[in-house]
Structures are given as C-alpha cells and as structure tokens.
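Two complexes are shown next, each including chain A; its partner changes from chain B in the first to chain C in the second.
Up next is the complex of A and B:
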C-alpha cells in the first residue's frame, strides 16, 4: 500500500483555464436557479407535479449520480476482494469521482426535498425509524459519503505533510497512520454500504408497483441495481482515466483499461442475459411490442454492443475503450432513468418533461462535479506517476 | 488468490442463501387486518347526484384555500385533488353510461404511503386506522406520492415551506362519542364525523365503523341484485383492503380505481427489505461486512508477505 501511496502526485498547473471557467459558469447558473427554488418553492423552477412528484433531480442527479459514484466500489471489489493489485492506480481517482458523485447527489437531494431543514431528524430520531427502503438508502448514502471522505483523506494528509507548519505536519502524519491502521474495516464498509443502498434503490421502486410498467417491476430489481451500478462504475473509471490522461498529458493506462474492459464486458453480458431471461420467465416479452419495449431493448442492447467491443481485440485501442464505455454507461444509466421516471405511470391526466430551470440545476450539478474533479487532481495527490505539470486543460 | 476467490464465492453463496431464506418467509408473512376500531366511509355512486356539497364542506372543515385557477380567480372550483383540495367529485361518462365518483384518501388497511415514509410522518392510527400526517417529521421527499396507487397525497409545490396534503378523515373533528342507533348501526353526533358525510343530502357517502359499513354495503348488494357492478364492494380486499368502501354501477377501473388484486401495496417491497435487514436483524449486512473484512485482510497480508519475499530476494 504505502509503496503505491508515494507515487500519487498533484497534477499542478493553472486552475483558471477556459474550460474550467465555463464549468464554473454553468454551475453558477444552476446555483442561481437553486436559490429561486429555495425562495419560491419547487413548483417555481420545475415541472414536477402531483402526478410526477419525482423528476430529473431524483432520476438523474441522485439515482444515476450515485451510480457514477460507484467507480470506487467497482474497482475496490477488483483490487481488494478479487486481489487484482494491478488496478491499484485506478483506485484513488475513482474514489474521488465517487465522493463527488455522492456529495453532489446529497446536494441534489437537498434541492429536491421540500422540507430539507428536517433532514437531520432522519439519522437522529432512531425510535421513529420505519422499514422504508428509502430510509436505508438515506442512512447508507450519508454513511458512505463519510466513508469516502475517510478513504480519500490520505490525499489531504499527504499534501499537508509537505507543508511548512510542524503542527499540521504532525497532524497529517497521525491522520495517515490512523487511516492505515483502520484500513481493513474502513474499506470493508466502503464495499458493504454501496451493496446495501444500491440494492435498496432497486427495492424502492417496488413500492410504486401498481403504477410501474411490468417490464421494470420485478422482485429482482435490487440485484439489477447492484449489477447496474458496477457497470456504470467500470464505464466511469475507463472514461475518467482516459480523460485524465488526455487532459494532463499523462501516459495512458491502455493495457490496464483493456483488461478492465474485458471484465466489464462479461458483466454486461451477464446483465443482458439476466434482464432478458427474467422478462421471458415472467412472461413479460409481450410488452416488448411498445414504446416501453424500445426502452427495455435499449437497456439490453446498448450494454451488449458495449460488450461486443470490450470483449473483442479492439479493447486494446483507447478510442474503442471509450466508445465501449460510453455505450455501457448510456445503457446502464437508461435503466435507472427508466425505472425511476419512464416506467412510472400516474395516468393519462399527467405528463412530465423537465422545465428549463430544472434542467439548469441538473446541468449545474454535473458541471460542478467535473470542475471540482479538475481542481482537486491539480491540487492534491490523486493520480499516480510523475506529473508533467506543464500542460493545462 | 485461487483459495481466496473460492472462499469468497463460498461465503457469498452462504450469504445469498441466508438472504433468500429470509425473503421467502417474509413474502408469506401474514397480512395486516384493519384495526378493531377501524373507521371509514361508504360511498355509493348510484346515490350521488354530483352536487359537490361535500367538496365545499371539506374545504370549510379543513380550512383549505380556494382553487380558482380554472375560472380566472372568480370562485372555488377545483378539478382534481391537489394541495388545496382533499376531496373531489368527478363525473365519468361513456355514451349512455355515466357515474359520479368521490375521491379522497382511501385509508388503506396496509397503506403504501406510510410504508414509504421514513419517520412515520404518515402513519396509521392504531385504533381508528386513519392514515394521519404529522409534518414535524416530514422531509418533503414525496415518496408517499410515488407509493400511493390511488394518487392521493398531494404536495404544496407552490410553497417554499411545503407540506403533504391529504384527507385525514376529519380527525380533528372526531370525538369518541357514538350513539348506537336502530339496527345496531352506530351513528355519530353532528360535528363529530367527516364533514363530507354530514352534508351529503342523499347519504351517498356515510361515515361509520368499517365492519358496519361493509355489512351495510353487502346488505344493499343483496337487496338489489344486479344493480351494482359485479356485486362487489371495492376496498373490501383490494390492495389489502381499504377503510373507505365503494359501491358503483360502472366498472371500478373506469372511475379511477385500479385493479390491485388482494395484495397489499407494500407487500413485495417490504418482503425484500425485511427479508434482508430485519427478519434476522442485520444478519445479511453484518455477515457481508465480516466476509469483506476477512477477504481484504487476507489479501492484504498475502500482499505484504509477497512484498517482503521480493525484498529478501533482492
């Protein structure tokens, strides 16, 4: 471990580059819209209604957002459970992406919650806890965000260790030792919690069962959501590693990503087979001949197309790795949006398409995520290897 | 490494079996019955003349604002349940066939909304079975709205400090006073029951104990064979049963009542959730945590031993 940790370096370089300023601007617009929402209510900025109480904030920002945050989980399983140490350089940047994914999902939840000021009561009023799957999601996501912070804290401590203040240096060393000593159970928590709340995210959509389209209503939904978050996790790790290599002029991790792609490809095949098999065994294939059927088939065929690329020899080329990862991401993310939005049918009296300010908040959150990632890898030792430090994004 | 993987797969298989063993009996768990003192309403669509007096009375009794969007702000004319309207009368018409229908909370025996709620902000009264709302513990997540198959809980999207709005069977008016009237049918003094039932000029909607209302509904079906759709009381068993019961001369799905079967709405979700977490309290997560910890510990030790060996060779 420690031998790896030493080669984590900050990328350095100018922070206020043009793309970065654009990202900040998009995030700023989102923040203004969020301010309007807090003063004038959710209805003032969104098309959410009594028929569609949940929209893109939940389906995309929270449900897909936490899945984007599963890169750390997916790679963590590989490195620490299946003992594939060769993927270790991917861990820290993946954990950073995870923390951003979850942190911003929490912010999206606060924007979406009508009575967000009561949120603190959820972890505190233990005696009022119900058996709602959403309670499990809420507690687990909060706990996991804390665990991710601890998992990432060595990056902060390593930075502080090189500082000028003796006291800070000593504090940083104590912190590092503490994390190192408790490494096993922190990491075990870091793998347990996503398994729990990602499956519960699936369980959650069993409750609106009578109003769900049968293609998305299966008691296997919890398992589907866990496998799905692993698919998205792999896709995000590949995209993020390639992006970092291009943006910071670092050596590409093509060989490592090629073998990772192979694993992702097989998981995608498993996903597609299970999804089709479940629908066939439950006698739901008749529903395929409809608009919902197209959405369902896209969830199956996009990951299959990704698998076709990622399991072929093309996976050794960066461009095909990226194409495969994008297809994989789209297919798996579509399942989440389908399950939380498309498959929910409140009746013909209601329709939903996100309002412009509502979308601006979602875009703002995504932009903030990318901007913070760039700022952090430039400032803190996240990525591995010698930094050229010259090239800026 | 091969051993590790085998050990991992074995423990995961054991864990999976344990979870499945938990979920299966939870699936077969006994269904909830209405509490002995369950209160409710009986609405008979064949009696309703659509005068909407109940809509007005509901607004007065619950101090609800007017909904005048449909007529340019002139008078109160709600068209659907919303954050200002807890009770509504609608008209269904298809050719010759027409029927009014009254919509409000059904006060389910096993409510989906309460099952969705994290801190029992929505909960079912143990005695009367009324599904009540307490905003103190509500975070405004709107999961209750997703979970209700009747689309009843509404949300104040227009407010910065919004609440959930739904019929609570006028629980603020209900006292324990009850007068036993003729034929053993319990009657309640004016001002001590739901306002909608008190003002109905045709007694199309009446208030009472659920068991008595169900008996009355069956009496009507027996008295007028063929008058009611499939000679059936909607809510007797539908979705695990509701405390508001319906009689109609038209198919129930035409007037907004989904075919839920007899399965309570939360059944599947709760079977999965309770099977994993509560059947044997926290066995699955604690077990998985132990397995993960053990595997990480072993891998890590093997790693450092391997590294030490490499150092030695140098």
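Up next is the complex of A and C:
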C-alpha cells in the first residue's frame, strides 16, 4: 500500500455554490447548442466550411483541451522519470484535469464529426486507414483516456473503501491492490501515449503542405507540439494548484510551485530559442514582416515573458506564479490555435471566424470541465488535505 | 491442418526463388485489393499458385516499345517480377523467352494445343493493318493472323498498354502502318483493355488473377477497361484537386505555384477527361511516380481520344467547370466576422485572462473565500 494514498482527502462542502451554478448554466447553454447541432446539422450552429472543416471545436476543445490535459503528463515526467518525488502531491489533481481534458475533447470530436455515427468504425476497421495520423491520434487518445481512468481509479476505490457495504469495500480493496500492483505499467503507458499523440497532433498539420504558412510548416512541428503540451501542462498545474488551494482554503504549495515554475521557465526559454532558431536556419525570418509574423512572435514572446517572471525571484510569490502561468498558457495555446487555424490557408475563397453558437458550445465544454473538476475534488480524495479526518487503511 | 499445408506449399514455392511467404502473400493481397476484392482473396490466389494451378499465358508482342513488359518486370519490389512469373505460367513470350526461332514457334503451338479454351492471351503492342499488315511479321506470319489465331482458342484476351488497347503511339497521325488496337481486330470478342503508357502492372495482375481464381472477368466499361481501375477520372481523386477548386493554378513551369504543388490544369493536364487510377494505385508501388506526382500535367494515356491526339499543353473541357454545390463559390460571401461572435469571444477570453491576472493578486494572501474560478481555458 502506498503511503501517499492516505493523505488524499475529499474536500467536502456544499456542492451548489454560486460559481458552480454559473458554470452549470454555461455548460447547459452549450448542451442546448450541441443538441441543435445534432438535430439541424453542423451548418446550423457553426461557420465551418469545406475549406475550414476544423474550427474552434478542434483547435480549442481538442487541440488545446488535450494540452490542458497534459498536466498529468508534464508532472508525471518530473515525478516518475526524473524521479523528483517532491512534486507527487500535484499528480492526482493533474491526472483528474487530464481525464477531464481528454474526455471532453472526445465529446468535442463527436460534435465536430460530420458523420459521428460512423465513429465506432475507427477502431474496428483499423486497416482501412492504417496510414492515417488521425487514426493514431484517435486510438491513442482513446487509450490514454482509459489509462487516465485507471490512474485515477484509486481515488474511487479509496472512496468506496470507506463505504458501508462490506462487499463493495472488499471489491474496492481488491481493485486498489490490483491497480497499485500494476501501477508501473499504467504509468509507463500514461507517459508513452501522450508523447505519441501530442506529436501526431503536430504531424497532422504537416499534411496540408503548402496550405500551411511557412512559419508553421516545419518538419519539427511534431516535436514542437510535444514541448508545447509540456508548457501548457506546467501552466495548468500551477493555475489549478493555486486556485484550488485558494478555493478550498488549503495550505499553499508555493515553494513546490516555485521550483516547478523554474523548470517551466527554462522549458519556455528553450521553446523560444528553438522556434526562432529553426525559423532563422530555414531562412524564414523574412515572413515575420506580416500579420503572420505577429502571431509567430506572440507565441515566442509570451512564453519568454513568462520565463522572465518564472526565472526571477518573483516566482516565489503566488501572484507572479499565477501571472507567469497565464502568460505561458496564452503563448503555448496560441501556437496550437495558430497551427490549426491561423496558419492554415485553404484558399482565398474561404475564411473563418466562429459563429456565436459554435463559441457557446466551446465555452460550455470548458465550463463543464471546471464544474466536474470542482464536483469531483469535493466528493473524491484527489487533493492532499491538511490532515485526514479519519485515518483509512 | 489447412494452414500448415499452405505454409508448406508456399515454403516450397519460396524456396525456388529465395522469396519469403510474406512477400508472396503481400503481392497477392495487393493485387486483390487493386481489383476491389477482399484481401483474403489474395491468400486464395497464393494457395492456387502454390498448388500449381497456374494459368497458361501466351504473350504476344506487336508494334510497341515493350514498356509494359519492362514495367511489369522492373518494379520497385525486387521480388515482384519473380512473383508474377510464379502466379502465371508464361508459355510464350518473345521478350522473356530463352528459346528462339522454330523452337519458340513450337512452344506457342504446343501451349495453344494443351490449354485450348483456357489460356490467357495477352496482347502488347498495336497491330498494323495497312497493306495487309505486312509491317509487323513474326515467323512469316503477320500480326493480324497471329492475333486472330491465338485469340480464337483463348479463354480470355487482355490487351495491355495503350498500343494494344487502341493503337497508341504507332497509331498517332499520320499512322503510316494503319496501326490499331486488338479490340478493333477482334471485333465481337470480349477484349479486356488495360490502357496506360505503360499500364500499371497491378491493374493487369488483378484482372489476370481474377480470371485465374474465379474464371470471371471484372466489370468493364464500354471501352473494355476494368471499372475497378478506370471507373473514375484522374481529376476526381487527384491529390492536387483542392488547388483546382480553390482556383490556384500553375501558370508556367517553375513558377511559385508549380513549386508549391498547385493544380496543373492550365499547363494542359488531361486529368479531367482521363479515366484511370494513377492517383490511387501507385505505379509499381512507388508513391508519387506518375506525371502529376512529379509536377507534369497528365497526358491522358489511357484515353483513345486524348493521348497522342491532343497536344500536350492544350487544355481540355471540364465536365463541371464550377465547383460542386458543396463548395462555396469562388468569391464566397461567407466568412464575415459577426460582431456578436467577435464580441463574445473577446469578452470571455478577456474576462478569463484579465480575471485570472487580477485574481492572482487576490489568492496571494491565501486562505480567503472561493472568489476566483479556476482559470482554465482562456
């Protein structure tokens, strides 16, 4: 039995607080719009066209959404591969965020798919599209969602273990033992799968070829996407740890987050140097003198600004940790939106800006993500508490 | 057990040529899929070949460059040529025969006698008809006589390449020898044509193997071309099609559009009128090894009325000059940024980022109420 299992506690407290109700309302509006989409078609709610088959649902809900879900991946690399065990308290909430990010990305994909009723064919007729990077992403995301559920299942088992039914208690104990015994394999998968599909998200945007703006059409795009998801992962972990600590009145992890910030800062510097260096070596700096150049510089300068904060002494203050994380998140997420929407030029006949209902669905998905997070940490032992109310085995 | 027997049979086959079973099954399944049959049929072919149920093939060469035979033999897959020869029993072929003279003629006669009504007659090259066909003679016989004689007792007749299908280059103006294709000589008989200059080996292999295994021929169009390979025009499945629909055309060889892989229509591409599967079934398994793949307009080699008739850089009529209704018009009214959407996006994005920025200060003290929402998303 791992020792850390005993310090995770459910936050408890009233569920239906005002922010929670607001979140539910936003998610509800999104759900209504999604229903309209399923009854009247994608055209009824979105500005998507044959030129821009992917809009905000893919660029934000799936591509940025799964990156938000990479908190578990980014911290997992630190804790389990670089053996920095001190970050362990951040793992379980990060994995929860990951599961929500990925689960809702799957829902976004179903909303976005023109013929969603054929989705079941993807894993069944694998050989038909075995050459497709989209298949890799689809299977990998599905597998990773499953792995995340298993990674998170100890929280469920620990909750059930304290229940009243003896049989359920025994079942929970068996499940917990099983998962903990095989945890190393689950972890290995949990670290391997994101590396695979996050890089494939980059690969996908190599496929449009000359339809991509040269600043984003680089063979390094798959690597950029992996590094990018680590940046977003760190930013999300900092934001989530700080805001949930504030919201639930828990002790701060400021020191831990400060040292994590330092790592994130250096990764951001590496990102910026690589991005500029690659463009310079490929002789593409001439493109900076355009609107695309502004987008490119923003995704370089925002992480650099974040690095300036996170590598200075200010990183020991919560306020600057959060601000640095916001800048980091913005810059890194911008790269994803740039690669999937801005840099993609299907021809002068097409243009795209999301429609209002389309945006409402995106906001609904994000609100649902936050609402479920709040509900789960209140009900299940996810966060590390001051002290467990009752010592469980 | 059936499976072990198959292993043994294939093993014996493999031993002869140093091929492994996987290569053998692979080429069979590729040919099967090319014909639109399930991959499992390929395994059946492999079994049939291993059991020695190989069809007799009599391969006639007339007015041609032998490019179709060459492409069949010089495929990228080193074992493919040998595999083809394993799947069929090539009883007469002037290009590949060791025999010569009367010996070769004897082989032709004995093969025709032994497999009468069952053998496949493959014709490669055009048949000259002017002056009683004296412009192509083998063993003292004219091409017309040879073809008529061999086709008479054939189980199936396949014309491979554009020359055998409709005359090809030998029949180009002014056509001094009166060259024409096999279907024109054998009027009234079913002649499967596999046009192409040269023809894609897989289209031939798939047709021949279907006849071997099931005794049937694939569905043909009015020109005798198998529908599985020639059912659609190049334009429909062209990898450069989006450029056509978006109006991005190469104007001159070597211009920026040419370098960026734009549509070659204005350079005289015959893709819109040419029925072939070049873009779907890579030639000799090399992806991109076809005219459009290397930046040259399609020459329309599978069409009697196009190749060697219409000049290379003359543009062709397009059936549907405007994009299908599913596409926006060239000047699309769509795509305006609605003020509400822009406002909403800006408001929410700004509120999240700004709120987070300000809330950072609020959470700094620690231990206060749940004022700030977790900032995730932006």
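Just so it is clear, the second predicted complex is superposed on the first by the 383 of 393 C-alpha atoms of A that agree within 3 Å, B and C clash if a C-alpha of one lies under 4 Å from a C-alpha of the other, contacts with A are read in each partner's own complex, and residues count from 1 in each chain.
In this section, a residue touches a chain if its C-beta (ideal position, glycine included) is under 8 Å from a C-beta of that chain, and two chains touch if they have at least 3 such contacts.
Since this is a predicted model, take the numbers as computed values, not measurements.
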Inset, instruction - Look at where chain B and chain C land on chain A after superposing the complexes, then choose clash or fit. - result: clash
Inset, instruction - Could you say whether A:326 touches chain B, chain C, both of them, or neither, answering first, second, both or neither? - result: second
Legend entry - chain B versus chain C as contact partner of A:318, first or second or both or neither: second
Inset, instruction - Figure out whether A:51 sits in contact with chain B (first) or chain C (second), or with both, or with neither. - result: both
Legend entry - Partner chain in contact with A:177 - chain B first, chain C second, else both or neither: neither
Inset, instruction - Go through the superposed model and pick first if A:86 touches only chain B, second if only chain C, both, or neither. - result: neither
Inset, instruction - For A:239, decide between first (touching chain B), second (touching chain C), both and neither. - result: second
Inset, instruction - Give one of first, second, both or neither to describe whether A:204 is in contact with chain B, with chain C, with both, or with none. - result: first
Inset, instruction - Answer with first, second, both or neither: which of chain B and chain C does A:162 touch in the superposed model? - result: neither
Inset, instruction - Could you tell me if A:348 is touching chain B, chain C, both of them or neither one (first, second, both, neither)? - result: second
Inset, instruction - Quick one: from 185-193, 311-319 or 347-355, give me the piece of chain C that collides with chain B in the overlay. - result: 311-319
Legend entry - chain C-contacting residues of chain A that also contact chain B: 49-51, 209-211, 346-347, 349
Inset, instruction - Could you pull out which chain A residues touch chain B in their complex? - result: 1, 3, 38-44, 46, 48-51, 53-54, 80-83, 85, 112-116, 118-119, 121-122, 125, 128-136, 138, 183-185, 187-189, 191-192, 195-196, 199-200, 203-204, 206-211, 219, 222, 344, 346-347, 349
Legend entry - chain B residues within the chain A interface of the complex: 1, 4-5, 8, 80-83, 112, 114-120, 135-143, 145-147, 149, 151, 154-163, 239, 258, 260, 265-266, 268-274, 276-278, 285, 288-289, 292-293, 295-297, 299-300, 302-303, 307
Legend entry - Residue ranges of chain A touching chain C (in the complex, touch as defined): 17, 19, 23, 47, 49-51, 60, 68, 97, 209-211, 236, 239-240, 242-249, 252, 317-323, 326, 329-330, 333, 346-356, 358-360, 363, 366, 369-370, 373-374
Legend entry - For the chain C and chain A complex, residues of the former touching the latter: 242-243, 245-248, 260-262, 326-332, 334-338, 340-342, 344-345, 348, 353, 356-357, 359-364, 366-368, 370-378
